[in-house]
Amino acid sequence: MEDVKKIMHVMRRAPHGSIYTYEGLEMILIMAAYEQDLSVAFIGDGVYALKKDQDTAGIGIKGFAKTFMALDGYDVEKLYVDKASLEERGLTEDDLLVDVEVLTSDEIGKLMNEQDVVIPH
Amino acid sequence: MLHTINKSPFESTTFETCVSFVQPGDPILFLEDGVYAVQAANRFSSRLENIMKTNPVYALQPDLSARGLGAVTDGVTTVDYEGFVDLVEEHQVNTWL
Amino acid sequence: MKIGILLKEGPYNHQASDSAYKFAEAAIKKGHTVDAVFLYNDGVTNVTKHMDPPQDDRDIAKRWNELGEKHGVEVLACIAASKRRGISDEVIIEKGEITGLGTLTDIAIRNDRLVTFGD
Amino acid sequence: MKIGILLKEGPYNHQASDSAYKFAEAAIKKGHTVDAVFLYNDGVTNVTKHMDPPQDDRDIAKRWNELGEKHGVEVLACIAASKRRGISDEVIIEKGEITGLGTLTDIAIRNDRLVTFGD
Amino acid sequence: MEDVKKIMHVMRRAPHGSIYTYEGLEMILIMAAYEQDLSVAFIGDGVYALKKDQDTAGIGIKGFAKTFMALDGYDVEKLYVDKASLEERGLTEDDLLVDVEVLTSDEIGKLMNEQDVVIPH
Amino acid sequence: MLHTINKSPFESTTFETCVSFVQPGDPILFLEDGVYAVQAANRFSSRLENIMKTNPVYALQPDLSARGLGAVTDGVTTVDYEGFVDLVEEHQVNTWL
């Protein structure tokens, strides 16, 4: 299909300190209905967005970590996590809420280069 | 003087900048994305242990919970918003953004 | 103790506004007086009455308004910062007020503490 | 070439809005089509008509409005982000429009480039 | 005078990328009329605010570097610059628009501790 | 793919993060506070020289001028907004914020 675009969303911020990850997720959920070739890369502090056991009751902000689990139902299945970012933060795949593909920075860089559009959040 | 830090040390140099101005004895409170600094066994743990030889270190529990962070580096005291208020009652505040 | 708050970021986009609110709430609960919340930089956008967040989310403007109503906290937006960002008397919540930086100076002078929240 | 712009920060507080404008201006000058400026996150506050900066400073809302008038650039604010931040039809500039994220998807699909500005 | 407060403004951001330094300066100019004991500390990227030869015509933003030169006329004379921040950025006092006192981080830290109010910009 | 960086490398880790994903041959454009990275003879100069072995590096002249930055590290090409547009015409864009 000629008019399917490859669109990658890049999550680079920690959750809750700012809204970028949350509004990024809202964008992805809408875009998912348009049958484009979507992917999401979690790099740097973006990997924290997927951390298990987030409980935002105490800060009075609506939590959204579980919404990442809904991505699968929207056929957003290409979730890439940067290996170096995870390791630098002392995290492993077991700490994450959803199944992801853990890739090296170079591998994610190569995927970025195949995109028609990259949207930073 | 109470120093507060709200930035992730992985993304911002605020933590390092603040530490070079803090005087011995003054408390440091990590809040918001700043709490990633006190997550146990990360690469800032030894830096923090060093700081705690001269300065008490606190972290805001609601921010830790919101981010799913369980264990904190040994010696860090967790406080809730009322504990934050107590610290402000005891000290003038220097907010590092 | 008498506390002034300086809030330098707008609602939702940064946690600053939520942290300031939670701090103010806790201070009041502990018997302190929260004298004023002074809004500066993008912080002035905290008090627009047109805010309409999703039903299951907090309403930040309404929350500041209630803090003014119930606890007499002055909610003040800097006029110069407001004008730049399109915050005017036409859009401001009932308990909000647009004022000058001289007022912030008074707040800094008359309170035991000035606590800043921002990004 | 046909270019879409995504602007993620509000006016004045960050340079993003100025950079986006300067880039759009240069692209138009070089004969490209700037299809749309889509405002997201705090970016939605770029289009409030109550903006009133000092006389010797740029008027950012007016500048976007003129880009719409003179060059047919669509200036679009995301509805969900706008509602949170108190941006509604009551406060928006003439050439501004509040729309959904589906429109951004269309913009991403129909343009040769999507260029993002933010903080 | 008992009700003179010691108020320090801390400039930590580069100019133009964000408005914090500029709106900070506006705040200082107003506060100067209130006869408090004001000082301004430039640390980290804040030292760039004082860099000579800033010409903002090309970015379409009003410049304000020269307003720092007006501080003296408002009796704001305590301008402290962090030595380490200058050196790290390859700058010397000669690169700065105004006369300042260059201090070590520890010296500025000690001054901070004497303040009744510290306002970050 | 064109990579743009708008953060000061002294305050943010965006520069280092970006560089670890950039592919050989891809241009990097510094703008806004990002231009402090290309100031001649600062502590990022040798890092930049290393990057320029594989990637062309640009900086936005209006942002350099606004900040009073004169000399840039050897090998860095300065462009105006039209030069920025030219780069965007040649490449898809990856904005690092």
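Order as written gives the chain letters A, B, C, D, E and F; numbering starts at 1 within each chain.
Operating definition for what follows: a contact is a pair of C-beta atoms (placed from the backbone, for glycine too) under 8 Å apart; a residue touches a chain by one contact, two chains touch by 3 or more.
Since this is a predicted model, take the numbers as computed values, not measurements.
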Each chain counted as touching chain E and chain F at once: B, D
Keeping to the contact definition above, tell me which chains border both chain D and chain F. A, E
Smallest count of steps, each to a touching chain, taking chain B to chain E: 1
Using C-alpha centres only, name the chain that sits farthest from chain D. B
Where are there more C-beta contacts: D-E or C-E? C-E
What's the rotation, in steps of 5°, that superposes chain C's Cα atoms on chain D? 180
Sort the other chains by how far their Cα centres are from that of chain A and give me the top one. E
Self-contact between copies chain B and chain F, residue sets same or different by half: same
Could you state the distance in Å from the CA-based centre of chain B to that of chain C? 24
Between chain B and chain D, what is the separation of their C-alpha centroids in Å? 38
Centroid of chain A to centroid of chain C, CA atoms only: how many Å? 33
Two or more partner chains touched - positions in chain E: 16-19, 44, 59, 61, 116-117, 120
What parts of chain D, by residue number, touch at least two of the other chains? 8, 12-13, 15, 19, 22, 41, 54, 57, 80, 114, 116, 118-119
Pull out every residue in chain F that's touching 2 or more other chains. 6, 10-11, 13, 32-33, 62, 80, 92-93, 95, 97
Pairwise, the chains that touch are A-B, A-C, A-D, A-F, B-C, B-E, B-F, C-D, C-E, D-E, D-F, E-F
Per the touch rule, the chain A residues reaching chain C in their complex are 16-19, 59-62
Of chain D, residues touching chain E in the complex: 12-15, 18-19, 21-22, 54, 56-58, 119
Given the complex with chain C, which residues does chain D contribute to the contact? 10-13, 41-42, 45, 48-54, 57, 61, 80, 83-88, 90-91
So in the complex, the part of chain F that touches chain A is made up of which residues? 1, 13, 17, 20-23, 26, 92-97
Okay, in this complex, where on chain E does chain B touch? 10, 12, 43-44, 84, 105-106, 108-110, 112-113, 115-118, 120
